[in-house]
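What follows is chain A paired twice: with chain B in the first complex and chain C in the second.
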Partner chain A sequence: MSKDLDDDMFVCRCEEVTVREIRQAIAEGARDVVGIKRRTRAGMGLCQGRTCEKMVQQILSQELGISPEETGTSSARPPVKPVDFGTLAKGVQ
Partner chain B sequence: MKSYDVIVIGGGVIGTSTAYQLAKKGYDVAILEQNDIASGTASRTDGATLISDKQPGIDVLQGYHSVELYKKIAKEFSYDIEFKSCGFMYVCETDAEMAAAEDYAAKVRAQGFEMRVIDSKEMCEREKYLAKDLKGGLWTESDGLVNPYKVCFGFIEQGKKYGLDVYTHHEVTGIKLDARNQIEGVITDRGNFITNKVVNACGVWAPFIGRMVGINIPIEPRKGMLLVSEKTDIIANTEVIEFGYWLAKFFVDFKRPVSELVEKHNVCMNIETTHSGNTIVGGCRLFRGYDIRSEHEIIQAIAERAIRFFPVLRDINCIRTFGGIRPFCLDQLPIVSAVEEVPGFYIAAGHEGDGIALAPITGLLMSQLIAGEKTDFDIAELSWARFKGIDLAKLSARAS
Partner chain C sequence: MVNKEIVVVGAGPAGLAAAIEAAKAGGEVLVADLNILPGGQLFKQIHKFFGSSAHRSGTRGIEIGRQLLAEAEKYGVEIWLNSAVIGLYDDRVVSIEKGLNSGEKELINIKAEKIILATGASENVVRFKGWTLPGVMGAGAAQTMINVNRVKPGNKVVMLGSGNVGLIVSYQLMQAGCDVVALVEAAPNIGGYGVHASKIRRAGVPVYTRHTIIEAKGTDRVKEVIIAELDDSWQPIAGTEKVLEADVVTLAAGLKPISDLARLHDLEMVYNGVFGGWVPKHDENMESTQSGIYVAGDTTGVEEANTALEEGRLAGIAAAESLGYIAEKDAKERKDDTWKRLDGLRMGPFGEKRMYAKNEILACFPARS
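Let's look at the complex of A and B:
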């Protein structure tokens, strides 16, 4: 349960965001995954939230007393996985 | 029912700046936002704070004042807005483009601001990854970068110190007027508020609020797109933009030697390496209504154009793309004004791609207007009255 999570634990490994920072963002008004992302960068790294999103949802859900579904998800945007600009510039062959 | 001196509608960069300035002046202020702070245009943009992408005249003037304010705010705020005074570079691909750029720089200099013509050698010294075959460019020392959503959060956190109240996830559904058309209150999906003054700072959504008081605001969404790279070495030290970007922004008829795809989507390169070490590249200006989805052809065209100017990107990964919409105003100047026919109703919107750059000065000017003070400089050109005699009903239908 997130209540037991240590404040210093990393939630987002790509951007090195801790539980403390997520809780701080909630105190500043974040209510969903995207709100956390904008305030802390959690989910903005190389994996685009694939690793941390579930845990961010869980912390939000616990702190705000809402269901994980109500905490939303990050908007889906291409590319699905990192692709170099050279390949993107070639377009769909 | 809660009562306020002023209610600012819109938690984007213009609304948060305005609310902050009003609270600082001692007004009892609330900000109403339908989603979260910085959840619309302000979070789908780059962080350029430039005077150099403006039109000579009041546009450049307010750009200058705004950048100066950013320097102060960056020192004053406890919240880090990641302001960096890094300079700005326009790059030109052809002699014809260079001639147009030189002409523009002369006009900016005539207004008293510095903007220097530089050669390819100086450009490459400043930007080691820039293509070596460019004709030259323009350089402005004072321009810089900020983190756009952190600017919004900064205004909010600083505003709270002066008593600013923040209501996120409150959607405004109506505005109460008395028999003389004077503002009486604001209706939201989560309760009503009493006030005699409302600032419409809703950017691309400003026309919807305008209709609630019976006016047609000539703002429509102009879409842009950005590609985000993985974290790397600093690719661009400054904000770098191809001069064609300025030409396209102001609809100057100008032919560039570009591919059909780049031409079709009006794609012009802009690039910046952010505080976090990611590089973001764009961009385009298109009318697509309120659709902000990433479009594959545009991604392709932006990638192609970015590699043309920064070949190193070819082997660097893109981790995300996103679209956003700019509040394009009919004559490409923002509206920073009272609305005479609706006493107590003010508009601070229509900054197109300059909202981040102009937010500090717009907030300050708006607070001066509301306080009945003399504004820092004459802003008649930004007034609502400038649209008198124009059939706005027809225009604003496009933004519905």
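Let's look at the complex of A and C:
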């Protein structure tokens, strides 16, 4: 894995968050996946971090010298899959 | 709110096997899966599996999927397809966005006595400049395109990763009419089984070990892929770059367990590098730290179809036992047999580390109150 990551490279493509923004969030004090998510929205898009979470973990462990385990995982909230408003509006059986 | 005895999330090998065991014993079982076809990844596996006859060696994955499905139907398992489980609430309430024949969807909450989570795994991505360009995709995604949807992802493919997924999908891409222009692997050696690697070598695919992808280039899709050699600390060596003409990059860089539903119901999790990340803790019945919620298959740690199937069986037997459908002695015998087969699958140079990893997970299970 290359150390000199391009700053403009997207990490979270749903929310279009770049490596630069992730690094900025770490500089501002983010220490785990949730910290990055709150500051940048990485992992808050359609896929809910299914694609980018591991990359966020890798950048965190690289920049902070911590293990992937220490970077944690994001909190899960329903709906875990996108639901359209029309379906929601019909209510729940 | 509808009541069901057992709700299984995921109709892959683990979910179907669990459903079959529970329904065979007399349980009322509903399986929900977000895909339009049941079978999970099995219906993409057009190659023959190997291993022991107990695990249907020599049978193609797609055929194993068909057999499981027929068996599930025989025992009266209800299967909802195109139906995503979107939430899991306190006291085992499963929220399902059910796909209707009309094409519409409706939300249904089900109060389940037992829940079996068999949600599988998702593919890891690899970051390099241009990884978000159209044409870059998971190897599993490419396999779905060619083997399920029968659509070629493109013409010239660079495969990154030489584990079994990378090797098998490379070969199947060639069968589908694609040209695999390079197999790129960061490690010094090919990762997967020799039998799969030989097929790739015989077909003349250039193999670049100790290499990685530096960049995918193109304006609206991949046109060129730049690879470079790696030094001993896995850093690209300047001046070794090669430019390959390709319109597809497939990433076979492992998988990670899907655990969002487990986390929603506050199942205790543990990190395990061998199994691909965070997994729910479970005991020998595959029951999680939340009573009545079982886990099976790749969601408990990324392995393969046969281990998923056996873990599904364990969960199905245990759930049926706790509902009173199987006597303790009978259940114990069947679970012991299943564990023996699982141990057999977790042997040898490829399996042993998974045996240790599984034992670590079993060992960290807290005492049940």
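Throughout what follows, the second predicted complex is superposed on the first by the 87 of 93 C-alpha atoms of A that agree within 3 Å, B and C clash if a C-alpha of one lies under 4 Å from a C-alpha of the other, contacts with A are read in each partner's own complex, and residues count from 1 in each chain.
To be clear about the criterion, a residue touches a chain if its C-beta (ideal position, glycine included) is under 8 Å from a C-beta of that chain, and two chains touch if they have at least 3 such contacts.
The structure presented is a predicted model; accordingly, all values stated were derived computationally and were not measured.
Applying the stated contact rule after C-alpha superposition, one finds that A:L46 touches chain B and leaves chain C untouched. In the superposed model, A:R38 lies in contact with chain B only, and not with chain C. Once the two complexes are laid over each other on the shared chain, residue contacts for A:P78 go to chain B and to chain C alike. Once the two complexes are overlaid on the shared chain, A:A27 sits clear of chain B and of chain C alike. Of the two partner chains placed by superposition, chain B and chain C are both touched by A:L88. On chain A, the surface touched by chain B in one complex and the surface touched by chain C in the other have residues 48, 75, 77-79, 83-84, 88, 90-92 in common.
Residues 36-39, 43, 149, 153, 156-157, 166, 168-169, 227, 229-231, 261, 276, 278, 294, 296-297, 299-300, 303-304, 306-307, 313-322 of chain B are the ones that touch chain A when the two sit in their complex.
Residues 15, 28-32, 34-35, 38-39, 41, 44-46, 48, 75, 77-79, 82-86, 88-92 of chain A touch chain B in their complex. Chain C contributes residues 1-2, 34, 84-89, 95, 97, 104-109, 122, 124-125, 127-129, 131-132, 212, 214, 234-236, 256, 258-261, 263-264, 269, 271, 273, 277-278 to its touches with chain A in the complex. By the touch criterion given at the top, residues 1-3, 5-6, 9-11, 13, 48, 50-52, 54-55, 58, 68-69, 73, 75-81, 83-84, 87-88, 90-93 of chain A touch chain C in their complex.
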